[in-house]
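In what follows, chain A forms one complex with chain B and a second complex with chain C.
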Partner chain A sequence: MTLVIAGTLVVFVLWPAVNVFLRPESEHWARFLGSARLWQVAANTGLMTLLSTVSATVLGFLFAYALSRPDIPGKAFFRVMSVLPLVSPPFVIGLSLILLFGRRGLVTHELLGLNLDVYGLPGLWAVQTIAYYPVAVLALSGVLRRQSPALEWAGRDLGRNWWGIFRTVTLPLAVPGLASAGLLVGMYVLADFGNPMLVAGSYRVLAVEAYQQVVGVFDPGMAAVLCVALLVPTGLFFWFQRVWLERRSYVTVTGKESTLDPVPTPAPVRWTLFGVLSAVSAFMLLTYASVFAGALTKTWGVNWSVTLEHFEYTVLRAGDLANSTLYAVIAGFCCAVLAVLAAFFIQRRPLIGRSAMDMLAVLPGALPGTMIGIAWLITFHTGPIAITGTALIVVLMMIVRSLPVGYRSGVSALQQIGPSLDESAQDLGAGSLRTFGTVMLPLMRTAFTAAFIYAFVKSINTLSAVIFLVSPGTQLASVSIMGLAEHGYWGEATALAAGLMLVTFAALALFRLLTGGRVKLFEL
Partner chain B sequence: MGPDAYVALHGLIKRYGDDHAVRDLHLEMAEGEFVCLLGPSGCGKTTTLRMIAGFVEPDGGSVAIDGRELSGVPPHRRPTSIVFQDYALFPHMTVRRNIGYGLRAQRVPAEQARRRIEAMLELLALEQLGDRYPNQLSGGQQQRVALARSLVTEPKVLLMDEPLSNLDAKMRIRLRTELRQLHKRLGLTTVYVTHDQEEALSMADRVAVMDRGELQQYATPDKLYHQPVNRFVADFIGLNNLLPARCESIGGDDLLLVLDDGQLVTADAREQTHLPKPGDRVLLSMRPENLKRLPPAGPGQRGDPAERRNRISGKVIGQQFLGALSRTLVRVADRDVFVDEYETSGRGLANKITLSVQPSRIRVFPGS
Partner chain C sequence: MFRAKRLHLLSLGAATVLVLAACGSGGPETTAAREGGKLVVYGALHESETARLLKAFEEHSGIKTEFVRLSAGEIVARVQAEKAKPTGDVILGGPSENHQALALSGLLQPYQSSSAKDYDKRFYDPAHHWHGFYVGALGLAVNTERWKEEMGGRPVPKTWDELLDPALKDKLVIARPASSGTAYNFVATQIFRLGEERAWEFIKKFDTTVAHYTDSGAAPARMAGAGEYPLAVAFGHDILKPIEAGYPLELVYPQATGFEVGAVSIVKGGPNAEPAKRFVDWMLGREANQLHTDLSKRTAIRKDVAVPAGAVSLDQLNLVDFDVQWAAQNRDKVLRTWTEQVGG
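And now, the complex of A and B:
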């Protein structure tokens, strides 16, 4: 069993990743380094990533801070709002930005009569901020929740007011968490493909450029070079996080759980936070509403009459959404099985190269989707495993892309179980697989369910990697939406996006129903 | 009220939903006094401390320190400073900066602040550790830093919330002595919350025993041990034998009681806070060390007459060797009674045993 897992990881994670480095020839490198245009693309990517990361992290901090206080009104609502973008395709934000503020946008053109152009950096910046601040909320909530309220009370007791505590205790303690959240957001923004594709216009970024090299010029060598260029900052982020943050992380030295409530926030702070959060949430609601409105509108910007024909065309007649759902269910299940098995066998069985295996299992989470997509295209197009164009490769990609999170939740579930339990099972004569099946699996059921639903949600919304792997018979909704939007079929594109979101929400509702709300997908 | 009320809690009430965390609490402390709030978990002692610190607003009653009423005064403007159970040291600051934190808030000039910090480091033997971070310190050292951080702000009242409970047993006993000595030197009014009675009895000038949000008894450790005012205190403080009985008659100072198996016991009526009427159900409480074993030879040639009057016979059912003393488990009137003796040599396991106790050593409480 260990061998099977190791083999899977080597073939589908390590091999393609290595191929990206091996594929380009020196001529490709020379062309990249000598091209002023590509340097401009790299600079664009850097600027866009920096701006979006800072704004998304700051916004994320405001949300996380407010959510960690008991006295902020409307927390349940804000919590939902900050999870929503995580469970819907990130590119719907870009889609709706065009609907609302584009050349024929509802707000800019219809209501204000402007001829504004959102395409470009400002639009992309705004979209990425809204699309990825939830990542920061998720990362920072944990950090803020772990801060003992006693620390703030101690500051209070020693003579500081709210602002004094925030400045000297809360914020400095959150700095490593902020940096870590920022890096995470940065990686997402850097790797994102859908939104730049939709709203960047002539402002080219690396992920889109790599896609064009494959689809437009069909130059996989050059695409691989761009992937490496994309990987360099990702690698730096990772290194930075490991080396710098490890040293700066404050092990909170507290022993027992404190029964103290957090320090109350003064009314002006409370209502300012409430105002900011409300404004952002209102904007997001508008965003999602516009997608559904777009789906029901005959021709956005021209003919505002209501119609169901887009839904009929995209959801009922074309098979894209059905494909997406089916593949995501299969991938979700396989991923959960693999993740939980991998966690058990890598963490609990004697294993040579345990840390290497561990790294391979989480690696796909750190690699940009575009890169993995191109890597697979290069690796599995010819050679011993030629599977491009099949449904199998699409499902496999979904599994591998979702594996890191499932694996991690499996590992953390294992950490709560304690090794003596499976040791005693073995002591009583159970083999590895039997131990797993009879003792570990029941205990890890929660981790399994969470991995399944996470993998499903991620798989049904995934775009950047699978866009290189789909073929006419295995078309996915997310990929179709990009194509439809590119050609200005807003009605169809939004209808499909709406369908995608409805399926996701239905799945989440079902999940909630099945687990009785006990299992939380996101610790917020 | 009275001149000794440096800290005065009057009618303090705190409710969480329908539960009373603290119910109508009256407590006064003299300046320089070391007072322990003692009780099982959930008795309201920590809530009381937090109301003094200003972390929790009481639903009723008042807190006054040095004649100043503190209702509505936020924690950072109160003349109190608290040492937390988990110390709550700022992990991103060195020991020096932790200690100086309160001084910066008070806008103490830098030079003076430096001097006061150094003095604190010296006072608590932390001179070598000034530039360390909290996670580089042992539990006992962290505890001292937390104390220094509070003391340096020169509070009128020092509050401590189970400050020793995260330490191992040896360290606890050492720091107990250190804290007590420090208190003697500084003469700082201190309110100390603990669930550890040994800690409370050994450190406090006065102990306030609390249960279910109510004050049970507020007295010196000695009085608390020897003269508990009710059944809860008698049972909670130290080891005690509680025997149900019925009041037979009261004659002069003699309170005549009948155990459930018919044996007669006399208690001294002058020692009681509660005097039963004849026919009332009562509970006798007797400390294990006050029960004496009578020689089997029958009504003794030795011992004082008072002791000889109270003869309780029972059956030995066990014996525990506890080092300095030996504890015998005796079955009396269907109850287990502990008898502690310091002389442990050469006693066989006699099946039948006769115990005696001085009437003045018996406490009587209303029975259930």
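And now, the complex of A and C:
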């Protein structure tokens, strides 16, 4: 099994990456290092990433914390809101921000009479925070839920108040989760180019620069150099996290569990939390409402009459919607299985090159989608594994692209599970697979669910990487949406986006029904 | 029982992964079989336009077709990445500079179409790597509501030079030349119009008029349409879209304006070489050109195409003497100068 996982990672992650990174010549490097402008772009990228990562991780932590407490009001609602931004096609959040809060936005201009400029760092920061906090929620919720209430009660018995317990017990024990969340959010923010292209204005970032090098200047060598530059901060953070986390123990699941309820949250904390989350949720709902409103109105900003004509196109593209859904379901399931298996076998089984494997499992998140797409096209077009033009390559790409979140959720979960548990299973004669199936998998259930949700929802919306891999028979809805948006057919684009979101919600509800609540999709 | 079920689920999952991996080795044959005889088109035109054109071609020739829609830049990247074994046959649409970039790396099949004799030499590659079939002229989009609000009764600018007026400071949006063919076209237009030295003086002054540089070439027209700014520079067809949708825009073609040539070309070594040639012959002909013009309102290069309402004919445009070859070959140099003179 270990070999299968290692093989998968080497073939589908390492090989394409190496294929691309061997391209740049020293001339490209000289041009990058010698360009004052690109250094400025790199500095911009660093600042934007730092701000967005911190804010998205904090917001994600607030959501996850609220969901782990039984006494926060409106939990069922927040549970849905915590992952809602995932259920949106690529350009939607940025676009809604412009439609609602831009210079001629519905809220800022029409209602408040302001002439606000969202383009630039503040707008981008807001969009990235909203777009990526769900990743932090997914990485953190399992960790917070598995913290043993006994430890908090012990703190309470020693005379600590809520803040004291939070500071000395809850927060320190959540460090592996926070580190995972920060790593993932930072990585995705670094590599994202869709949102910056729409709202960053004159504020340049590296991922956009790399994208332009590929599709504007046709210089993949320079693009590869910029991608390597994107990998540097990720690599540093990764290394830092390993060194720091491995010195400590975060085990809270030891097989000797108690069944206490968590320590109650004091009213001021409870209501502050409620207020903050409500504000974010309101903003999210407004965003989503604007997409559906955009799909239903004739021309946004000019002619507000209600029409269904944009949906005619959605019906025409029903085939694309079906393709997207089918592939995403397959990818979601395979990714969840692969993610927890990989987490277990890489973290808990003897393995040569463990840290290399660990890094490979998150690498697909650290690169801009365009680069991975091209790398796959080059690697799998000819040679031993020639699979371009098939649906398989699209599904595989979806699996690999979503792997980092599932894998890291699995790793954070494992860091809380004492090794004594799997050692006992082995002492009783269980093999690796059986130990995994009977002991670990049930304990890693939230990680499995998180991986599945993330992979399904991300895959159905994926764009940048698959655009180079789709072939005539395997068109996807997200690709069509971008095509429409690019040519300025906003009505049709939002209608198709709305259709895609409805399908996503329907599918999530259906899974919940089918699994009879055993795999509770929103039980994060 | 419960545990056994879990294991079951797991092994099912593992099996799925393995089966998927196994499918991988069986993949290529099925693809090859499916693609046999079907002309594969990479289309940069709008999806519905491409679909209608290909349907008409199928009826005309009996050749089956299929297409993928990508942006013009993505097509170049994709064809470059697939060069070991091309899968596309024809590239339909997109500016000639992109076709030229592929021609320079030897990825296009030169083909002297019999239909090319109807065309002015300015609009196709002398080596016949690509042939243009439509022209997109640069235009100025004026949001009439916002213009009145901010500028009162002042007349709308009609020439490029009027845009340098200090009263227009921060009133205009245009894309960034390095990321957008539209904006590069604008810079090249000024060079052909004024000569290099004076063109750079113009562009430096023009920078004060620009409030905002976007990445996408079509975005400025949309932003002016929504009233975010009163003025935008974009290709005429990108301005006509929001006008058709009902936005309060006026389209002005300034004197001596630049243009892009939308082209069609054949991928070297593509799976269906002969059908690809037949497609190019048909696409450059009158029937296909009329259909494309009716669908898109772009300006056809052929003189025998009827001009639909809302479009302009080639004769009505006052075009600058635009040297497509020069523009393609000097792109790097011009962009570098732009970065030095104007900045990021």
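Here, the second predicted complex is superposed on the first by the 339 of 524 C-alpha atoms of A that agree within 3 Å, B and C clash if a C-alpha of one lies under 4 Å from a C-alpha of the other, contacts with A are read in each partner's own complex, and residues count from 1 in each chain.
Here is the rule we go by: contacts are C-beta pairs under 8 Å (C-beta built on N, C-alpha and C of every residue); 3 or more make two chains touch, one makes a residue touch a chain.
Not measured: the values here are computed from a predicted model.
Of the two partner chains placed by superposition, only chain C is touched by A:Q212; chain B is not. Within the superposed three-chain model, A:V41 lies in touch with chain C and out of touch with chain B [touch as defined at top].
Contacts of A:R512 after superposition on the shared chain: neither chain B nor chain C is touched.
When both complexes are overlaid on chain A, the residue A:L173 reaches chain B alone and has no touch with chain C. In the superposed model, C is the one of chain B and chain C that contacts more residues of chain A. Once chain A of one complex is fitted onto chain A of the other, the partner contacts of A:R69 are absent, as it touches neither chain B nor chain C. In the superposed pair of complexes, A:T388 makes contact with chain C only, with no contact to chain B. Legend: residue contacts after superposition of the two complexes on their common chain; A:D157 is shown touching chain B, with no touch to chain C.
Under the contact criterion defined above, no residue of chain A touches both chain B in one complex and chain C in the other. Those residues of chain C whose C-beta lies close enough to touch chain A in the complex are 3, 6-7, 10, 13-14, 16-18, 20-21, 23-25, 27-28, 30-31, 34-35, 38, 40, 46-47, 66-71, 73-74, 76-78, 80-82, 84-85, 87, 101, 178-180, 212-216, 218, 221-222, 226-229, 238, 241-242, 245-248, 335, 339, 343-344.
Contact residues of chain A toward chain C in the complex are 4, 8, 37, 40-41, 102-104, 119, 197, 201-202, 204, 208, 212, 214-218, 220, 298-303, 330, 333-334, 336-338, 341, 370, 374, 377-378, 381-382, 385-390, 392-393, 395-396, 433-434, 436-438, 441-442, 467-468, 470-473, 475, 479-480, 483-484, 486-491. Partner chain B is touched in their complex by these residues of chain A: 148, 150-151, 153-161, 164, 168-169, 172-173, 250-256, 258-260. Residues of chain B touching chain A in their complex: 46, 50, 53, 55, 74-77, 80-82, 84-92, 101-102, 105-106, 134-135, 142, 149-150, 153, 165-166.
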